[in-house]
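There are two complexes below, and they share chain A, which is joined by chain B in the first and by chain C in the second.
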Partner chain A sequence: MSKDQHIDFIKIQNNSITAAEGLLFQTEKQIDPFKFLGDAYKFFGITYPKFFKMDGLSKAGLIAAELLSEKVSIEKNTGLIFSNSSSSLDTDLRFQDSMKSFASPSVFVYTLPNIVLGEISIRHQIQSENAFFISEKFDPALILDYAEIQLKNSACENVLCGWLNLHNNEYDVFLWHVAGLEDLQSQRGQLLKIYATTHE
Partner chain B sequence: MRQVFLKSDSIISPMGFGSGTNLQQIRLQQSALKLQKPTSKYPSGYYAGILDNDIIDHSFSLIGNCKNYSKLEKMLILAINDVVIKESIDFEHTALVIATTKGNIDLLNSDAFTKERVELWKMAQVVADFFEFQQKPIVVSNACISGGLAIKTAADFIKYGKFDSAIVAAGDLVSDFVLSGFQSFQAMSELACKPFDARRNGISLGEAAAAVYLDTKPSEDTEIEFIHAVTTNDANHISGPSRDGEGLYQAISRLKLFTGISSEEIDFISAHGTATVYNDEMEALAFSRSQLDHVPLHSLKGYLGHTLGASALIESIMLKHGMLNNEMLISKNFENLGTSVPLNITTEVSQKELGTALKTASGFGGCNIAMLFEKTEAHE
Partner chain C sequence: MSDLHTELKESIIEQLNLEDMQPADIENNEALFGDGLGLDSIDALELIVLLEKDYGIKLTDPNQGKQIFNSINTMADFIEKHRTK
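And then the complex of A and B:
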């Protein structure tokens, strides 16, 4: 796996957070995934009071971006190109539930998948390209192809890419950084393998 | 670099089926927005543009089995079908890019279809399968810039050769879900929305679907070319626009930088203009900072309401027709300027050579898009 080491990524699956160098944080599988994210937030010493107001997708995205930002440059001209399968369905169901009594505006605002791009942009003061795609399964070619064009167009200088899904109380998060065009080409063909590798 | 042209298009809305019908209704100053029944938050009722199921089924029954498709799927299929019958589409290679914010959200907790149907990728696949598109559809869901971002996505991919042509479609519904949400924000207008007006007081929701065919082959006629688009994030607030219009200003500035176009060369602006107090003020500041305050501008929200993920596609299609006809459509429900800086809002039908035009949109999550379209004169 040494060939894969140069891809900076953060993966959140099965109540564990892993990076290229290995396991970063883990709790028992039985722990509620939302509590797991809260525990991770505390464990990594992240201080961002707004965290607790966010929905699940934004919390997971924020933690993953935070951990990546310690290793790579995430700045004003970092493009954010994300994708998932279930859009904001988890929060949609919560909002639908709240409609029975008091429809909550603070829940409603999270019923869009791209809100996490806004949260990450606020946290890291990014003002660059945003795109959120929905595909049945993780499709790195779609994300990389779009990222490649944005880099070639000088629309952004580097890209934070992500697969960020929350469905049936299960997180499937894979964020990675593309430093530039050369980096991007070297990642082709590797991402699915890294995404599928479990660190147990 | 390959050129990308906006070919045949269609709009399926409460004002009618087809771009021509919608354009005609706009010229006649008609509106899809009708007074709806009162709710606890809106005791005097509110305005929305809602498409009657029977009208959809009347048209859809000619091409498919109404029972097998959701309301939004039928609207999208009707829009795409309208394009397909005017173009010779190669379904093996042509891409389908679909924009939506909430898709089949009306099916949440419904037993009418399988649970999977509420997933946006599934809805897109159902629509793609109707026409037997061989490529997996690409779904863009990026709040209220989705329809514009879908054009950008398709055009970017065409320019760089991922595919040669695409149908871009977009649609969203006025669902109880979305109504409750905007009501909870108290973001809805009791009157039909009044973009950029001094008495504007919120949005009116509308439902619609639209489609446009993009390809690289210039025709012999005058046509509209997609030049470039830029997105930015405000990095300011997830549910409110930046107070100084910085994100949209950045999008417009970068678009000008990348295309080499100057503010003086922009003949017309199709704005987002949702008619919330803050959005329209934010846009006005961004246009003013971009030295575009003199450029004729409209918002079409007074006709169709805010059609969410479909709006930027519908407005781009209308912009295309406006450019081809050198016609500046009236910004409906505008009376007195209600922004802190001047804007040149179209209040009467007027003709002007429209060679270059800007389309902008902004949405929740702090996203903005600025798109540039140019007229390519007829070849000899």
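And then the complex of A and C:
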């Protein structure tokens, strides 16, 4: 396989959303992550009734998956394998803060990082395997190794993979698609380079 | 429309993150759940919290919820009769 094998991805960082083909959306200045994600949601004309009730992690994941689904097939047998370093800490702290007066049920339901996988699954009617790993930094080998196991076991037909981190008002989202085993092998060694290139 | 009705609508919009919705968009008799406003079970929990936080009403019987949270009118009626603040 060529080193320049095309990989479909969506990256969200520093008030901008980019894809393999270039910049898709950007705000002029640094704004609150929730405002940025809300603006992006409206800009792309996405309609999902629960969007504004979701936590930041789910909002970022849903937008990235939505944009990726315009280029690749995300369907019933798509596996979801995500990872981050902050788990759901951003929402955990919001929930802790709400407990000073009245604990918020709607914040509590997002105090797990894998809730975003459920939101994406509902949106795209996915009924396949999913996993959310916590790792210190973006580790494509960890995600691809697990994706390979799932594909070899026929637990899914293709995989939506992602690094999805949100904490301290900083977000770092990198979602990409693995079409199958052959595609997966061709991606090894490329992802860190793409991630680094798009994170300047 | 009473001040309480308007206040309730504003609180619900804020508390439940009903983006782009205005108080005037919610009819007093409109069903809050199901085909009406489309609220869900987590929203119901938020409404219970709202009753306690803003009006000092603690629901002791969960079965009351279905009747109380039927519409803005039923919520306002219940609050007027039971509020402690």
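Odds and ends about this structure:
The working rule: the second predicted complex is superposed on the first by the 191 of 200 C-alpha atoms of A that agree within 3 Å, B and C clash if a C-alpha of one lies under 4 Å from a C-alpha of the other, contacts with A are read in each partner's own complex, and residues count from 1 in each chain.
Simple rule for what comes next: a contact is a pair of C-beta atoms (placed from the backbone, for glycine too) under 8 Å apart; a residue touches a chain by one contact, two chains touch by 3 or more.
None of these values were measured; they are calculated from a predicted model.
After superposition onto chain A, partners chain B and chain C are found to sit side by side with no clash.
Rounded in steps of 10, the angle chain B-chain A-chain C defined by Cα centres in the superposition reads 80°.
Look at A:V109: by the touch rule set out above, it reaches both chain B and chain C. In the superposition on chain A, A:G38 makes contact with chain C only, while chain B stays out of contact range. Legend: residue contacts after superposition of the two complexes on their common chain; A:E129 is shown touching chain B, with no touch to chain C. Contact with chain C, but none with chain B, is seen for A:P49 once the two complexes are overlaid on the shared chain.
With both structures placed on the common chain, the touch criterion links A:S101 to chain C but leaves chain B unconnected. Of the two partners, chain B and chain C, it is B that touches more residues of chain A.
For the three-chain overlay built from the shared chain A, the minimum Cα spacing from chain B to chain C equals 7 Å. Judged by the document's definition of touching, chain A residues 103-105, 109 lie at the interface with chain B and also at the interface with chain C. On chain A, the positions that touch chain C within their shared complex are 38, 49, 51-53, 101-106, 109.
On the chain C side of its complex with chain A, the touching residues are 16-19, 38, 42-43, 45-46, 49, 52-53. Those residues of chain A lying in contact with chain B across their complex are 80, 85-87, 89, 92-93, 95-96, 99, 103-105, 108-109, 111-119, 121-122, 124-136, 142, 145-146, 148-150, 152-155.
Contact residues on chain B toward chain A in their complex (touch as defined above): 101-103, 105, 108-109, 118-122, 124-125, 136, 138-143, 149, 153, 156-157, 159-160, 162, 176-177, 180-185, 228, 230-239, 246-247, 250, 254, 258, 363-367.
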